[in-house]
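Here the structure comes first, spelled out in C-alpha cells, and everything after it is commentary.
Just so it is clear, A, B, C, D and E label the chains in written order, and each chain counts residues from 1 on its own.
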Amino acid sequence: MSNNTKIKIEHISKKYDVENKALLFTKGNSAHDNFVGHETDFVLKDVNLEIKEGEFHIFLGASGCGKTTLLNIVAGFLNKTEGSVKLDDKEISGPGSERGVVFQNADSAIFPWLTVQKNVEYGLRMRGVKKEERKKIALDAIELVGLKGHEHKYPDELSGGMKQRVQIARSIAANPEVLIMDEPFGALDAQTRRTLQDELINIWKKTGKTILFVTHDIAEAVYLGENISIFSVAPDASIVDKITVPYKYPRDVNDQRVGEFIKYTTEQLENAIRASKAKHEGLQKAENEEEAVENEVAEANSVAV
Amino acid sequence: MKNITRKIIKSGIISWAVLFVIWGIVSLFYAESFFPSPVETFVGFKEIVLNGKLWEDISISVQRVLLGWSRALLIGIPVGLLIGRFRIVNWFIEPFINFFRFVPAIGFLTLFLMWFGVGEESKLILITYASIFPIIINTIAGVNTINPVKYQAAESLGANRFQSFITVTVPGAVPSILTGARLGLSTAIISIVGAEMLAANSGLGYLVYTSRLYYRTDWIFVGIVTLGVLGFFADKFLRFVAKKSLKHYGVTG
Amino acid sequence: GNEGADTIEAGSKLKSDEETKVEIDPENFNIDDVGEFTIRVGVNSGDGNQYLKILDNHTGYLKDRGINLETTEFAAGINTIDAITTDQLDVGLFADYAGVNRIGNTLADTQLRAFATIRKSNAYNLYVNPDTIKEPKDLEGHTAISMAGVVFEYDYGKLFETYDIDKSKVELVNVSSTQEAIALAATNGADSYWVNDQIAPKFEEVGWKPLVNISDVDATMYTFLVANNSYLEEHKAEVAKFLKVSDEAFDYIDENLDEFAGWVQADIGLDKDLVIRGWKEATHNYTFPQDAYEDLLKVEDWCYKNGNFPTEYDFTDYINTDALALVSPDEVTWQAK
Amino acid sequence: MKNITRKIIKSGIISWAVLFVIWGIVSLFYAESFFPSPVETFVGFKEIVLNGKLWEDISISVQRVLLGWSRALLIGIPVGLLIGRFRIVNWFIEPFINFFRFVPAIGFLTLFLMWFGVGEESKLILITYASIFPIIINTIAGVNTINPVKYQAAESLGANRFQSFITVTVPGAVPSILTGARLGLSTAIISIVGAEMLAANSGLGYLVYTSRLYYRTDWIFVGIVTLGVLGFFADKFLRFVAKKSLKHYGVTG
Amino acid sequence: MSNNTKIKIEHISKKYDVENKALLFTKGNSAHDNFVGHETDFVLKDVNLEIKEGEFHIFLGASGCGKTTLLNIVAGFLNKTEGSVKLDDKEISGPGSERGVVFQNADSAIFPWLTVQKNVEYGLRMRGVKKEERKKIALDAIELVGLKGHEHKYPDELSGGMKQRVQIARSIAANPEVLIMDEPFGALDAQTRRTLQDELINIWKKTGKTILFVTHDIAEAVYLGENISIFSVAPDASIVDKITVPYKYPRDVNDQRVGEFIKYTTEQLENAIRASKAKHEGLQKAENEEEAVENEVAEANSVAV
C-alpha cells in the first residue's frame, strides 16, 4: 500500500427523489423496511474518506444505510447531491474504465450472449485492443479466477459462483486502477463464498489494485479488509468510524484473536448505529433503543460465515 | 402406448382430421360456389397446381412478403432500438407510431397506388407499412427490459454511448426483436391480400381477392389454405432457426 | 288506409297459399292493386340504383307509392350477385359480361334470371396517352389499365381482336377504382383505360385522348337487372310495380336533374357536374329488346371461347321478362333464337 | 425552463407540428386529388362534419369496432385461458390458431358475406376474426407466466381445479389479457376498412374505401386521420382505465 | 403433543426426470451446484419418519439434500417414486386443505390482486364458508400474526416480512391439521426473522397444529423445534438422525446450554454429512472429506442468527 491518496471523498451528501415509498417494497427491497427517513431526507450526509492507492477498503454498515449509494457515486452511476469525489485529484463525473465495478448480481451484470472469454475481453475490445493481445490478457484473467477450461462456455452453462468469477475476471482484464465491489459474494452459498474470498485476496496481492468492497457481513469485512469504514444508519448516514485490521493475510476466522476482532468490530458497529439512532430520536431515548440496535447488528451480520 | 397417443394429439393431426371432417359435413349442405367441400377444393387445387398458376402465385407472393418484411425489419429494428434507448427519439417518434398503428394499410391502398405506381414498389410499401409496427413496438419493449446494470457494467468497462448501444442494447433486445419479427412476418403475410388488391396480376392475395370475381370459391379456399400453411411453416422455421442460433441471447422459441 | 290494409292481407295470402294464386296478365294488372311491399336492392357505389334511393330519401317517391326500397351498397358489383343467390337481396344489377360469366361458372345451381335491361351504353371510349399510343396497335409493348372480372376484360378482348393486337405483348394492370386509373394516367404509370363519358374530363385534364369507342369494337354494353327465378315467380306483381315506379322516377329525375344532382353531391360527395354528365350519357328506362338478348348470346359465345367457363350454355334459359311484360308489354321485344 | 421544453417535446406537439409542415410542403407539388394539402383536407373535413356524415360514420364504425372487439374478448379470453391452462385444449386448438392467424380477414370478405349476410353480422364477424388472435395469444402467454407456486397454494388451501382456474388463472393472466385487449382493439380498428368494404353504406372504413369511387382523396385523408386519432385515444383511455382499476393485478400501463 | 401418529413416511424414494442439468443453473439454483449425483440418481432414498399429532418437527440438512423435495411429497405437489406417505393412516395422493403450506417466497405465493383480508379468507371461500364467518375467522388470523390495521392493504403495499405474515395467516385461517413450512423465514432480514419465529411459536401453542418446518439454519432449528430430523446429502439422501430438543419454550439462543445444544446439533449434522459422503465415495476417502463436510455445515448454517 503506497501513501498516495487514490480516492478522496469530501462532504458527500445524497438525497433521492422518491415519488412513492411503496415502490421500494415492490422492488423486493424488503431489507430496507427499516429505513426510518422520509422521501425527502438525505440518505447520506457529509461523508468524508480518503483511500490510499493499493488499499483493500471495506464499507461496513447495516442494510439500507447507503453503502451502495456511496459506491454508485464513486463508480459514477449516481449523481451526488453535494460534495466532491476525486480520483487521483480529478473530480469524478461519470463511469470510467479506470474504476472497474463488480456487481452483486452476476446474472444481470455479465453478458449472456458472449462466451466467458468474450465477456472477459469486453473492456479490451471497447478500448480497441488487438485480438491476439485481448485473448492473451483474457486467458490470464480467466486462469486467475480459476475458470480455465470454461473459456468457450456461455453464462447459462455456468453456476452462480462461476458467473461471479467471470465478472471478476472481466473487471480484472480491463485493468482498472480501482475495483469497486458491491457485496459480490452476497448471493452465493457459503462454500463458494469462502473460496472466492480467498481468491480475491490472491488477486489483490498479485495485481495491487485499490479495492473498495461493500458488505454487511462483519466476518467477511474482517477477513478481507485492511481498513473498514463503518456507517451509521440512514437518514443522514455517514462514515462514523474507521478500523484498521491488524492481521496479516491469510487470516483465519477460526483464530481466537481474529474472532475477538470480529467481536470488537461488532461492538463498534453497534455503537455507531446506537449513536446515530440516538441522534435521530433525541438522546433521552437512546436507552430504549438498545435492543433495536442489537437487532440491526444481528441483521448486519446475518450472512456471517 | 399412452406416450404415442400423446405425441399424436400434440402433433395436431387429430385437430386437423376433425376440422376436415367438419368441413366435409358442413359442405354437404351447400353448393360449391357457396361452400366448397374438401374434395371440390382439392379439385380446384389440382387445376391450378397442374397449370402452374399456383406455383407462380406462391412464388411471387413469397417474394413480396419477404421483401416487404425485410424492409420492415431493416427500418423497424433500428428505429425501435433508437426509440427504446434515447428518450428524445422516443418523444419525437412515438406519437406517430401510436397514431399510424391504428391506420389500416388498406386505407392507403389507393394512395399508395397513386404515389408509388402500379409496380412492385407500392405493394412492397404496403406490406412494409403493415408489418413495421409490431417490429418497432416489440423492439422498443425489448430495449426496455434490458437491466440497467448491463449499461453500467459496459460503461465502467470503458464503453462509450455508441459502443454500449451496439454491444448492450442491440444484443439485449434480440429476444423481443425476434418476437417482433415473427409478428411482423405474420402481419406481412396477412397484408398480402391487401397488397395484391393493388394492380396485381398474380400472387396468393390476388388469387384470394379475384377468385370471387370469377366465381371460384374453391380457389378462395385454396388461397386461404395456402396462406395458412405457408405462414404456419414460416413461423415454425423462424422459431427453430432463432432457437438454435440465438439461444444465448435468451431466445427460448 | 283501410284499403291498403286489405291489400296487404290479400298479398300475404297470395304468398302463403299458391293454389289460390290468380294468373295475372297485362290486361287485368294494375299497379295500384299491389299492396305495400319491401324490395331489397343491391347497388353499386355511384350507380343508377343508388340514385333511386337518393331520390326516395329526398322526395319519398317510392315510399309514397307503397314501395319500401332497401338498398345495400357494394363497392364491387360481384358481391351483389352473391347476396342475391344467398337470398339476402331481391334484386341486383349486372353488366352483360359479368352476368354471363357468373352464370357460366355456376350453371348447375344458378337460379339467376335477367329480367330487364336498364341501360345500353356506347359511352365508353378507350382513352390513351397520345404520346405513346397513336393507334390501337401501339398498345403492344405498353400498359393497359383494366379491372379484374369486369367488362373491361371483354372490351379489351374485342379490341385486341378487332385490331389484331397480340395480347401477350400488352401489359394489363388491374385497378380497383377509376380513381386509381386517373392517378396512373397522371403519373404516366399506364397508357390506356376504358373511360366513360362521365369521368372523361378528368382524363382529358391529364392529356389523354379518346382513341376507340366500344361500339367500334362491337362491345356495346348492356346492363341488366337480375333476381332469383323464384323471387320473380312469387313476386311478379311487386317486381312489375317496382319497374313501373322506377321508370316514372327516372322521368322525374330527368325533369329535375339539376336539383337532383345537388342531392347526390350532398349525400355521397360525387361532384354535381359529374352526376349530370353521367345521367345524360345513358338511357334510363326498362326494356328488353332483341339487341340486348343477342348481345348476351354474343358475349356468352365470346367468353366460352375465351375459356372463362368450362361449358357452353344458352342464355335464353336465364331470362324471365314476365314482370316487365306486365307493365311495359311494348318494351319486351326479344324472341328466343 | 428546461422542464417546460421537456414537457412540450414529450407531449408530441412538436412532432405533429413538424408532420403538418412536411405534409403541407409535399402537398404543394401535387394536385388535390393526388395528395390533398392539410387545408384541402380540412375543407373536406368541414364539409362532412357540417352535413353530419362524419359523425354518422364515426358512430357506426365505433359501434362496429366495439361490438366486434367485445365479441373477440368474450371468445378469445376464455379460449386463451383454457389453452394456457389445460394442455389437452392447447394441443387441440393451438394448431388452428397458428394456422388461421396467417389467413387475412379480407381473404374471408366474400365468404363472410355469403355465409353471414349483408347485414351487420358479417362485418362484426370479420372484426372479431381479425382481433381475436392477439387476444388469444396474449392470454395464453399470460397464463404461462403465472408462478406454479400460486396453484400449489390455492390447491393446498382447498381449491379444486375449477376454483383454482377461476381464482388463480384468471386474475393471474390479467396484465397479459389487457395487452391482448389493447392489441386486439388496434386490430379491430384496423380491420374496420376491410369490414366496411363489405356491403356497407356508412362508417369510416366505408368512407376511406369508397371515397375513391367518388374521386374524393381528401375524404380518404379525413378517414385516415380520424381512424388514427380514434385509435390513439381509445388506446390511451384503455391504458388509463386499466392502470387505475387493475393496478393490483400487476397492470403497469 | 399427543401420541397419535399424524404423518407416517415409509420407504420414500424420489428420482427426478431431468433432461439437462444446466436447466437447474439457469433457474438460479446456484445453491445446488454441489449436487454430486447424476440426473438419473435418486435424490431421496428410503426415507422413514413418523410425526405425532401436534408436534413441531424440523427438517434440517445441507442445501440440496432434498428437504424441499420431501416436503413437496408430503404436501402432495410431487409424486413419490417409491414408498408411502400417510396422513392419519390415509395415503396422500395430492394437495389437500388439511395440509396447509407456507412457501419460502411469499411474493409468489400470496395473491397480489387480493387485499390482506381476502388473501386470508381465500381457503374459507373455497370451502364455501359464509361471508360473515369468513371475515371473523380471517380477522382473528390477521390479528394473530400481528397485521391488525392492514386488512385492506394490497400485498404491494406491504414489506417482505408483512407478506410472509399474510401467508401464515392465510394458512392458519384455513385451519389445516398440518402446517408445512419451507424455510419460511429464509428470505427475511434477521430482525424480522426473529420476531416471526417467536410469533410462530405462539401460534403453534395457541392452535396446537402439527408443524413440519424446513430450514438449513441450525440455530433456527434448535430455537423452534421439538424434534429435528437430520438429512444426509444427496444423492440417496435420507433422514439419518433424529434429535429431540430438551428445552422448554421460549428458548434463548444466547443461553449457554442452548448454545451448546446448537453445537451438538452441528456435530450431528457434520457426522451425517460425513458418513453419507463416505458412503458415496468409499470409506477410505472419508478423511480427505473432512474439510468439505465442514464447508457444507458452514453453509447449512450460513443464515444462522
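Basically, a residue touches a chain if its C-beta (ideal position, glycine included) is under 8 Å from a C-beta of that chain, and two chains touch if they have at least 3 such contacts.
Molecules present, by chain and UniProt name: A, E = NitT/TauT family transport system ATP-binding protein; B, D = NitT/TauT family transport system permease protein.
Every value quoted in this text rests on a predicted model; they were computed, and no experiment measured them.
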| item | value |
| --- | --- |
| Target subunit E, source subunit C, minimum contact steps | 2 |
| Contact pairs, highest-scoring chain pair | B-D |
| Taking each chain's C-alpha mean as its centre, the one farthest from subunit A | C |
| Geometric centre distance via CA averages, subunit E-subunit B, whole Å | 50 |
| Mean-CA-position distance for subunit E and subunit A (Å) | 32 |
| Centroid distance [mean C-alpha coordinates] between subunit D and subunit B, Å | 18 |
| Between subunit B and subunit C, centroid-to-centroid distance (C-alpha), Å | 40 |
| Of all residues in subunit D, the ones touching two or more other chains | 34, 110, 114-115, 197, 209, 212, 217 |
| Residues of subunit C whose C-beta touches two or more other chains | 76, 79, 82, 85-86, 177, 179-180, 183, 186 |
| Residue list for subunit A, restricted to those that touch at least two other chains | 156 |
| Residue ranges of subunit C in contact with subunit B within the complex | 76, 78-79, 82, 85-86, 101-102, 105-106, 108-109, 143, 148-150, 172-177, 179-180, 183-184, 186-187, 189-190, 308 |
| For the subunit D and subunit B complex, residues of the former touching the latter | 9-10, 12, 14-16, 19, 34-35, 88, 91-96, 98-111, 114-115, 186, 189-194, 197, 205, 208-209, 212, 217, 220, 223-224, 227-232, 235 |
| Parts of subunit B lying in touch with subunit C, wherever the complex brings them together | 31-34, 109-110, 113-114, 117-118, 197-201, 210, 212-216 |
| List of subunit A residues in touch with subunit B within their complex | 75-77, 94-97, 99-101, 103, 105, 108-114, 122-123, 126-127, 154-156, 170-171, 174, 176, 180 |
| Contact set on subunit D toward subunit E in their complex | 147, 149-150, 152-160, 163, 167-168, 171, 174, 248-250 |
